[in-house]
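Look for chain A in each of the two complexes below; its partner is chain B in the first and chain C in the second.
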Partner chain A sequence: MNNNETTTKNEMAPPKSSIGVPGWLKQNLFSNWWNTLLTIIFTVITIYVVKGTFTWVFFTAEWSVVSENFKLLMVGQYPDEELWRVWTALSIFTALVGISWGVWKGTMGHVSIFLGVVMAITMVVPFIAVGSRIWLAANIGLLVLGFAIGKQSEKLKKPVLVGWFLLVPIGMFFIEGFGLLNEVSTNFWGGFLLTCLIAIISIIASFPIGILLALGRRSNLPIIKWFSIIYIELIRGIPLITVLFVAQLMLPLFLGDTIELDKVLRAMIGFTLFNAAYLAENVRGGLQSLPRGQYEAAQALGLNKAKMMTFVIMPQALKAVIPAMVGQFISIFKDTVLVSIVGLIDLLGMAKKIIANPQFLGTQMESFVFVAFVFFMICYLMSYVSRRLERSLGVGER
Partner chain B sequence: MSMQDEAKPLQGREDMIEVIGLNKWFGNLHVLKDVDLNVKQGEVVVVLGPSGSGKSTFIRTLNALEEFQKGEIHIDGINLSNDVANIEAIRKETGMVFQQFNLFPHMTILRNVMLAPIWVRKWKKDKAEKIAFELLERVGIPEQAHKYPGQLSGGQQQRVAIARALAMQPKIMLFDEPTSALDPEMIKEVLDVMKTLARSGMTMVVVTHEMSFAREVADRIVLFDYGEIVEMGEPNEVFENPKHERTKAFLSQIL
Partner chain C sequence: MKRKWFGFLVVILSLSVMLMGCNNEESAEETSLLDTVKDRDLLIAGVNGELPGFSYLDSEGNYSGFDADFARAIAAAVLGDASKVEYRPLSSKERFTAVQTGEVDVLTRNTTWTLTRDTSVGLNFAPVTFYDGQGIIVPKDSGITSIEDLEGARISVESGTTTELNLADQMRKHGINYEAVVYDSQDAAVAAYESGSVDAYTTDKSGLVARKAIMKDPSAHVILDDTLSKEPLAPAVIGGDDKWFDVVKWVVNATIQAEELGITSENVDEFKDSSDPVVQRLLGTDGDLGSQLGLSDDFGYQVIKQVGNYGEIFERNLGPDTKFGLERGLNGLYTEGGLMYSPPLR
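Presenting the complex of A and B:
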């Protein structure tokens, strides 16, 4: 070490850059008369807007439209006496989030905290029914309990993954009934519940279809290749609304009398088919971004095509397109509001229905702001998770 | 070192690789012309030649990474045809090391080495892990096992690639310019591993520009030019008394 010091220059700390708040202000906001003027003008505008918003949100707005119709906005006309089933489905979800937080830490922790905070706020808001408060409290408890359990044992990884896979069928079982419980017809589903169900189901269902289409488009077998190309290009050439109409009106014609699909299911199928085409193109982009050497190395090791795709190619391709895929998921989530044109009442549709009621005349602003707020929360959470995921998967980046 | 001095009695051994009248075209471009080559078990063949001479293409046809249009290839008695089962059988027997390493960047070093033994050889995880560590030990980097390829130097990555290929316990190792993408100071560490491997009796086909390696390790030198084998013989012969004009021209350019 000592020998080195004689030959290399001493290391120095970088020069100090902090100039303090007044210095920063002077340098960036008041450096000359023109900047000073701009600063003042925009300060005035900002204060004006913030003050206006503040007064509207806290004094002028009639939030009773939201508080009195909260149940409608959340679950539509889902029967009161069966609500426990929605709560149970939610509780399973919460428990899984909690355990995942304990097992994986990191991003799941942020999701858990977000979920917990939203639940806690909802719990203390004055207009919530007592029953709901108890459920919410139980959910927060589950979150914490799950975390404690997950932290104890690393072995839970596999069961938790299985749990996530089973979440959708189990959740759907509770919500719909499927003959074992009293059936709750999808006609009664509505509001935020419907929005979430359509989005989640179509995102999950379109995922494998999209991957298969992407692989199909690169296949050597002409029939598969051309089928994939035609499907993808056809769907991408048609507006989502048209796909929804086709799913609503034409699907029953194609399927004949024997199979009867209900409205919500048809909407889900429409979204899935639409989403799959876009997802396929995203995945294909990821596949193309991989150097040929990755395929060759996998082949040279003797992996067959399926194993090569599963272990070597897909993990890398999907990782490369996380931002694009999450973008697609966010847009699907937002596009679910289009179901109102085929007669389903999602969150936005419910808000529109409510303001049409004479009792709540003149409260569009409040309703729509609330709807926008809910959408923003979910979409922002998705994009936040995607950013975290990218970073945590970035280990060992080339 | 002493191993190298012992003359390997290659005569009596079986052919591991048998190439008969191999022809390949890229479109209209005739890239391999009537190539014949037999490699005996335990033999180390170094393939030399100017760039674009078809030597890389040749070595890649041996494990079916490239197709060929005419001729025959037998690897350890298995006929290389379009039959997927045969191709898979041949790939199990041959390990390959690439110029660009081609490690899987999303897996740790250990998982890179264990992947094929577990999913192709169907070994239990413990066994695969044990052998992976032995191999990493052998190439001199067991302490990197839990890092990702991106965290290693080029030379280390290439040694991992060798370990990964060896984990399948192949009978033949193919090296496609294994040191060409490395910084000069890292070439030696890779060549050392390859030398040890050669002395252990592995059948090897090596495409390289490292003349000292060819001289020291090769049992036979094969010189490619314009898609055909121009000259073939023991290193001393080829380097000291090249018979063909093109060999002389090539050697004069690089020596």
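Presenting the complex of A and C:
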């Protein structure tokens, strides 16, 4: 197709038919009979699809399956009277996002705005309970307040980083209870909450294991090297579903009656072990992309091995493989739906269970579209953040 | 430093694996699940969770359905409170392991009672709660009324299931030529049937009923009377725990017995002063049947009062007033031409 930015040699104004909307249309859509035909065909198809989708979404679909089961889809059977704990965990997260937005600006701002918009939309949706609306409003407030605080002082960088590190244990404390609050059995965790928890915990836990395995595979010590290689190749040679089945079904048989590992914990362990092997290979790719000179330069400075790795090698290696790692994280997030076949009720499993309710028979399309929408939003956010991160860290330009 | 730790970790791991191996052999203690459930004050029941009418999550987040009700009945009998149940949704692949490892106390998950599952899988099956069987659904205007009319028909079926094999067996037996159109999921098989690209669709009758209820025009389809296979669904417990097995068995029997006697959750209090010794024994106003099972004597009363008799459970979840509109058929009492029959509670 022609480019509409052709420059004219003479000083005369271009003919009317080649500028503005008609000009653009002519040049790009109707430049010859073949393009014209394509344009017409695809316009017809697009109109047909859009109209069908529009009619279905706004008139045919029975969204009551989503609205009436919204709580189930989000947090599963988490008891109503303990819901404040999930909200508290979310609020801490929101506050951290807000402060980070103030301190670092840039990408965090986009994340904050995304989060704020999602919360605002959820707040005005008619079927949300009043209590949840208050929490959502408070969260939006926290986001803005965090921004205001973060903007004031650059000194907050360290505390905020510490906060992010503590977020997971604190969040888990609120959600699980750990004996101090009323314990909420993992049996009641479900829906989007469970999906997020499994994904987040396994991503975070697999990170150090993956790095250790990557280093181990490059080690000169045969035992460590071979252990790493065997582990990585073994796990990578097995489908995730098998790892999950082993974690869910075989582990209890091995452990006997004495040690009872929680079902959700077993799934998290399965995901972590699986993710670590893939992550190790990603990190190894980053390590190998570094020129020898980097190692030699670090040694020449008199750094010992641990310092060399922490301050010179790892930052560069990890930076180089951000796209690959985020790809891995996105796939882990989506793979969490596999837990529904080992009896945990993640977002997809919950959708399957509520459409078995005779009241909502025949609404699988609506439920699954909703699930797909949620997954798309999260995955797109992840890949967007990764792209921004790459740009700000200058990945690919050395 | 890091390397030393690694070696240490490897040693610890292998040691603990060995220790656990020892543990496994010692842990075969002789405590009945009945005591475990009582101590825990909670029954853990394995359910399907995704089968309309049998077990599903309602909007309040509680499990409901036919299978869930039997779990509640057992809880009512053992713990005196039908709400003390924790449900574990199980896939068809993990359901038996869950029983074997003791993760669930009882499996009320539309499980067919077969010889293999009784023996090599090591389960014990309580009395059948639902007599299912494979059926065939056809459009009403097709004029097909029995399996013989299916000569030359295209029938959609899920791949890799016993359904497919049963269909082949039955068709060969009747000498009927047909074409099996195999799909890898039930949704796809049903979609093909509804769009008219095949003449019939086959799966378990309870499944057919559920599927029929959600078709665009349910009244335009009929389920043939022919049954291609026997699928008796029954609650199951781990083999070798007779005490617990007896409890589950007699709870199911009590619900059937109650229907035979006409005792429902509504009128059970009136029956409390009944002079009929059969009623008295069931409700625990006379005799010590409950104590013999290790339960309280009024376990029958609790089950009926809190959950209902067999007929009520059936009608509530699958009967004519529900979307499924299932007739009792084989699941009726023996006095009404069905197969439901309770041995005497005495």
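Basically, the second predicted complex is superposed on the first by the 370 of 398 C-alpha atoms of A that agree within 3 Å, B and C clash if a C-alpha of one lies under 4 Å from a C-alpha of the other, contacts with A are read in each partner's own complex, and residues count from 1 in each chain.
Just so it is clear, contacts are C-beta pairs under 8 Å (C-beta built on N, C-alpha and C of every residue); 3 or more make two chains touch, one makes a residue touch a chain.
Fair warning: this is a prediction, and the values are worked out from it, not measured in the lab.
When both complexes are overlaid on chain A, chain B and chain C end up sitting side by side without clashing. In this overlay, which is a superposition and not a single complex, chain B and chain C have their closest Cα atoms 13 Å apart. Across the complex, chain C is touched by residues 68-69, 71-72, 76-77, 185, 187, 212, 216, 219, 221, 223-224, 227, 245, 248-249, 252-259, 263, 306, 341-343, 345, 349-350, 352-354, 356-359, 361-362, 364 of chain A.
Listing the residues of chain A that touch chain B in their complex gives 291, 293-294, 296-304, 307, 311-312, 315-316, 319, 393, 395-398.
The touching residues of chain B, when paired with chain A in their complex, are 63-65, 84, 88, 91-92, 94-96, 98, 100, 102-106, 108, 115-116, 119-120, 147-151, 161, 164-165, 168. Those residues of chain C lying in contact with chain A across their complex are 1-3, 6-7, 10, 17, 20, 23-24, 27, 49-53, 55-59, 61, 64, 86, 88-91, 93-94, 97-98, 100-103, 187, 210, 213-214, 322-324.
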